[in-house]
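Heads up, the next two complexes both have chain A, just with different partners, chain B and then chain C.
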Partner chain A sequence: MSQVPQITRIQELIYELPIERVVTRNVITVSPDTTMSELKEILRINRISGTPVVEGGRLVGIISIEDLIKALESGDIQAPVRERMATRVITVQANESVVEAVKKFAQYKVGRLPVVNEHGDLVGILTGGDITRGLLEAIGLDYHAEEISRYRARHIFEDIVSDQTGLILRYHIKPRDFTGGGSASSKIKRALDRLGAPPLIQRRVAIAAYEAEMNLIIHTDNGGELIAEIQPEVIRIVATDNGPGIADIEQAMQPGFSTAPNWIRELGFGAGMGLANIKKCSDSMKLESQVGVGTRLEIVIRIQPVMSSGNAARPSEGQQKQETS
Partner chain B sequence: MKLRDIIRVVEGKVLTEGVNLDMEISCAAGADLMSDVLAFAKPNALLLTGLVNPQVVRTAEMADIAAIVFVRGKMPGPETIALAREKGIPLIAAPYTMFEMCGRLYEAGMASCDLDTKQG
Partner chain C sequence: MIALAEIVQKLNLEVVGSAENLDRRVVAGYASDLLSCAMNRAKKDYVWVTLQSHANVVAVASLLDLAAVIITEGNRPDDETIARAESEGVCLLLTPKTTFTVVGELTALGVRGEPEQP
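Let's turn to the complex of A and B:
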């Protein structure tokens, strides 16, 4: 098998997160005209070992405690910073991703990098600690955002008031798209999960929708449409197509009866159990078809008592079959 | 039975990353007909199958199947593995035939996904 390396969320974030999201702003700076003597006091009071040199907002150099020591040694303590600063400064752009900074930290073995914008103005200073903190916050935000959207989805039917609120998911199903088959049903299942439908309801809807979706893929000339209408107490799945249609519906409903071609049987489908499965999963099911015109399958699954209660029981088998047409 | 023990019994190889080997599996089903799986497999079951196409993973997703074992050393293609990874469904390849695989697991105490007679 192909060994695809697994990319963790952290690795993704290192590429996604821009430096401007994690950089420390409002850093202490000096001007080129600041004297080395003044710089000494600034470093001492702020307990820092160096600072960017800024003129009119632009980063023009960097000065460190090492430069100060050299100035002291040469008795040049009244010299302006301009004469003592390093002017070839390694910087990173604020809009670059964090990975660029990680590379430069490793390449130049520096502990901090000045961050500039596209005009060369100083935005702030970046340290390894800033990156760590930024990544941790981003993960926290991701988690939080997921929780909020989940919460909102669960309460959608309470927030949006009408006499009959429903959510309609509509999918176009391509004929003979065996590989892609099931992706619509997968999305329906995921929507139900987000809406807080009980797991057994999700499963029944998913199986019924999946069988219906596979039928559209296997048996139709032009594909069809799979629609899920989700209401707080009932889920309706409708699969429609425009042909070829079913000649004998009673026969089609018989478990084991199949008109599927061999290639589809070899793939594990078309054993004549699809409609029987759908019937088993649904509270009611209606199949209408006309040869040369098309087929319409409607499946109803009830949620009891209401969605988002999280523990609704599956209705008893007796109840389930009464409404089957 | 824990997934770890199942892998040992069938001498399987895990094909997906990040698998929780301590996952408890409630019962097992062997089938090559996906509609059969959809009809009788219970949630959290183990599926043994000789099919390796992506629909096996789709079926597992819809029916809440916990893990899939491919029999006779069959290897799924990259599409199947990618879908399993996306859905977080462990894939295992094992060398024995379906018959022997079922026998080994049954002997080791694995329960069968019994048909629900009420639904007959």
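Let's turn to the complex of A and C:
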């Protein structure tokens, strides 16, 4: 069995998220002129094991508790940090993606990395914990954004008030575009999902829209238009084209009857089931056609119960009336 | 119900397109090379066996929310089709075997033409 590498959202984020989004800023620093004795107090009071050394905003070195112990051993506790610090510091750039930091953590086995900007100024300190927290926050944001857009979509019919609110999705379908085939119906299905339509309705609309879309691709001279009109209680799909038209509609409706040429049948189309499938999935269907003029197919699919919770307010309204009377 | 991963392993299938849902359960199977027939008979979580390998197979699988499509007789989708399968989360499984053989092997694994009644 061959394994296709899977890329999870986390892996994507590691590449997308810049270090500056997760780095801890306002870190404690010392200057090169700070004495080791002062450093000892700074580390003790802040309970930290090391600190970046900064001069005029620029990162010039790093000093740790280990350096302090060595200074104590050699009785050099009044020396300035400048003489004891490590000057070859592994850093990461603030605008690099988190993955660069992950690589350096693994490569150098360090617990923290100073983060600098393009001028070498210290921006902050990055730890593994910062990365974890940053990723969790980013995922949370993603999740919220998706939830909010779903919520908004689901309430669109309540938010917008009219005597008859409908959402119209219009797609231009190109003739013989087998590669793009099914993309309009996919988009219609996705829209219905966002609007909170029941799965069974989504499936019926998807099948009907797909067959209508494929008919425009397979049979028309110049393509056509696929329109889905979504209302809270009904979905209407209209496919129109300007030719060649259907000679005998009754015959075309027969399951298995097909006018598709062989090369189209070899692709798996032209089974003669398209219109029969549409009929099966729709509550009503109207097919009008004139040879040399064009064809218009209208499909109606009713949604019950009503899409969205638009009628949820009604029972409580009734209750209120009862209470007041 | 059998997991897709077990079918992939037992039938020695090559996974292309989206490998996101290999732990998905397969409820039943359907075999046909006519897309409208698949559209009519295959349902959510079905595995569809066909020798067709063009982009519309992905469209049908995505619209029906199929568990996977097994493409037989060594037919291989083009890169565009594979890319589309990846973006739509459609799992395509490739095999040099014929549809007849694959359906036989699926049946031996307990996959039927209709979902089991609970």
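Note that the second predicted complex is superposed on the first by the 303 of 325 C-alpha atoms of A that agree within 3 Å, B and C clash if a C-alpha of one lies under 4 Å from a C-alpha of the other, contacts with A are read in each partner's own complex, and residues count from 1 in each chain.
The rule we apply is simple: contacts are C-beta pairs under 8 Å (C-beta built on N, C-alpha and C of every residue); 3 or more make two chains touch, one makes a residue touch a chain.
Remember, it's a predicted structure, so these values are computed and weren't measured experimentally.
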Fit or clash - chain C, chain B, common chain A: clash
Touching partner for A:23 - first (chain B), second (chain C), both, neither: neither
Chain B versus chain C as contact partner of A:297, first or second or both or neither: neither
First (chain B), second (chain C), both or neither touched by A:210: both
Which superposed partner A:39 touches (first chain B, second chain C, both, neither): neither
Partner chain(s) touched by A:179 [first = chain B, second = chain C, both, neither]: both
Partner chain(s) touched by A:274 [first = chain B, second = chain C, both, neither]: both
Chain A residues contacted in one complex by chain B, in the other by chain C: 1-2, 4, 6, 178-179, 181-182, 185-186, 189, 199, 203, 206-207, 210-211, 214, 267-269, 271-274, 276-277, 280
Contacting residues of chain A [partner chain B, same complex]: 1-2, 4, 6, 178-179, 181-182, 185-186, 189, 199-200, 203, 206-207, 209-211, 214, 267-269, 271-274, 276-277, 280, 317
Contacting residues of chain C [partner chain A, same complex]: 8-9, 12-16, 19-20, 33-37, 39-40, 43-44, 50, 52, 54-60, 62-64, 80-81, 88
Residue ranges of chain A touching chain C (in the complex, touch as defined): 1-4, 6, 178-183, 185-186, 189, 199, 203, 206-207, 210-211, 214, 267-269, 271-274, 276-277, 280
Residues of chain B defined as touching chain A within the complex: 15, 17-18, 32-36, 38-39, 43, 49, 51, 53-56, 58-59, 61-64, 75-76, 78-79, 81-82, 87, 118-119
